[in-house]
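The next block holds one structure in the form of structure tokens; read it before the comments.
Each chain gets a letter, A, B, C, D, E and F, in the order it is written, and its residues are counted from 1.
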């Protein structure tokens, strides 16, 4: 017996099988279900995600925390929920989650302040672009 | 001889001295200069920042990367420059910076996609709030 | 018999009748219902919308696609739904919807990249302001 | 004689040559110059852009208008300038530019209104997701 | 008899009691309930809020209107609802609410226009920073 | 002798004269200069602004503070400068400006927190919509 839905295209089924194998789960979350109406975007997005989020120079759990930070500032409810879940599964502790929130709030505050003050970039920071 | 400006309030001078000592530098960057017109906000913001950004459950360098992520999504030019500089000074390699950008772009893309698709939060993710 | 609600102000009723006639429908969607608590804003918004969104130098269907793009970036759930619906009703095909999403995602990505890189505007582009 | 810079990587040079050929120009604008510090991102972004922005189901000039709309809402100064330039080069008239601005402003206004009012999505619009 | 929940930490209970006393209510709204998983953030946020939002140089009711304005632009559904409620309770009339919406929409429109036009700051406005 | 520029359209000149008279100044700031390429938008925006920002149920100086709040959250550098200038000219004191910043920062923080926590709107707040 198989979980392949007869209505799905071959590409969607292939991606769904890869999601299940990569994540060791039988559950395909709503984002990928919704995206399956668009074969090409589904295929590209999944393969980019798999590559970008794999363990690399930045440990995976910190990648998920960065993902959560972006999702909060972008006000993406779905993404906040799914990546907070992923970060916790990857080992983020409650203490780390509290620190993560603090860093995001701090950055958000000084962002608004620098914008309000119209602060000019210091030469020393531009030099760092070299 | 001293670098204390006679026109600065006592509180500003105290914060500026603490910035110099904490960061082992004589340079006060523009953000703190601009904020010094508002003693109370200067004092609170610096002390919160010092506390939030100190080495903790999340290593300092990853805190700076999260700060950069928030600043890019918030489109805060000053903050992007100053915290990319800080992250590099804290040891972020070029390879890590490339991965950081990739994670931010990936998160930003799936944020837009989930928003466009109006994806509903899966029950399994909500359960993770417990 | 008439669909005019006795509780509605004269102005709201007038606008509602115009919406029905313009759109060849008996259905007043929630946005206009909610806005009817504010007669002046309802009247102005509807009349601006009718004028701006009419067939003009830019064909109507592309105007609706631009509307969807703005709504996705603004993260306005209601607006994404109502204007995707309107765009489809105006003839947007599934293939066009896929391209629309691709363009929005592409623009969103290079926006984040140009912001992250702090790219300076080329003189040649400024010249285009003449 | 060649315009290939000796300091550029092979990949950057290859992309730069493709940009010149595709756009029938010798000018590489600042965005691609800045991105050339990141070979892989440069290569991927250019090739995605070339594919997404090619003439397709949506005519190229309307794709550039959608790009401008996203860039204005994202507040990306560089992107507004470069894509307004591109849209004009692709045939966008002044009359169309005025309409484009009107549509963007209209969408932005009703986005803020629907958000302020907390308007619920009508069932009829959700049905359009089928 | 007491409303103190046995599962709450001492700090949460203390903050909850202060909320009830300050606001003359027995109702703790969802925001503070959700935040009570993070004692330190709950304590800091409540005490900052109590201080910032107290009657001062800007009358309280206008502070709540500014709060609503920020919440609409940030697209924070919860915040729009809770602070519109608070503003009305503090005396905001329907006529004032209509004017508030008009000012927010006007500001939002000219913000988008200035961004689209890439307008440079006039020297006379910069002088106002002195 | 007159300040009317011979290159300006009649409508632009009329609006410029009205700006000068209304504001008791001979200075036309850059925003209106830039907008004068688009007669209709110039005319509509100025007349809406004049109407919306006139003394009404909300005193003018608080309207300008709300304008500043929107402009900071929208990250519109031009608008922050011009409306902070206008607010100060309308009597905003330094003490009020500090409170204004505090309210904006506070709202921005709780907006991010409510978004991060995914807080559900309390029934009591929805009831306030009646």
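Throughout what follows, a residue touches a chain if its C-beta (ideal position, glycine included) is under 8 Å from a C-beta of that chain, and two chains touch if they have at least 3 such contacts.
Model, not experiment: these values are computed from the prediction.
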{"item": "If a chain touches subunit A and subunit C alike, it appears here", "value": "B, E"}
{"item": "Contact-graph separation of subunit B and subunit E, given in steps at minimum", "value": "2"}
{"item": "Copies subunit F and subunit E - interface residue numbers shared by over half, same or different", "value": "same"}
{"item": "Maximum centroid distance from subunit B, chain identifier (CA atoms)", "value": "C"}
{"item": "Reference subunit F; chain at largest CA-centroid distance", "value": "A"}
{"item": "Recurring contact interface, reference A-C, options A-B, E-F or D-F [over half identical by residue number]", "value": "D-F"}
{"item": "Whole-Å separation of chain centres (CA-atom averages), subunit B against subunit D", "value": "29"}
{"item": "Whole-Å separation of chain centres (CA-atom averages), subunit A against subunit F", "value": "36"}
{"item": "Geometric centre distance via CA averages, subunit D-subunit C, whole Å", "value": "19"}
{"item": "In subunit B, residues with contacts to at least two other chains", "value": "41, 73-77, 81, 98, 101-102, 104, 108-109, 112-113, 115, 118, 129"}
{"item": "Inter-chain touch pairs (all)", "value": "A-B, A-C, A-E, A-F, B-C, B-D, B-F, C-D, C-E, D-E, D-F, E-F"}
{"item": "Complex interface listing, subunit C residues touching subunit A", "value": "75, 98, 101-102, 105, 118"}
{"item": "Residues of subunit D defined as touching subunit B within the complex", "value": "38, 40-41, 74-76, 129"}
{"item": "Complex interface listing, subunit D residues touching subunit E", "value": "72-73, 75, 77, 80-81, 101, 104-105, 108-109, 112-113, 115-116, 118"}
{"item": "Subunit B partner contacts - residues on subunit A that touch it in the complex", "value": "27, 29-31, 34-35, 41, 45, 48-49, 52-53, 56-58, 62-63, 65-67, 69-71, 73-74, 76-79, 81-85, 88, 93, 95-96, 99-100, 102-104, 106-115, 117-122, 124-126, 128-129"}
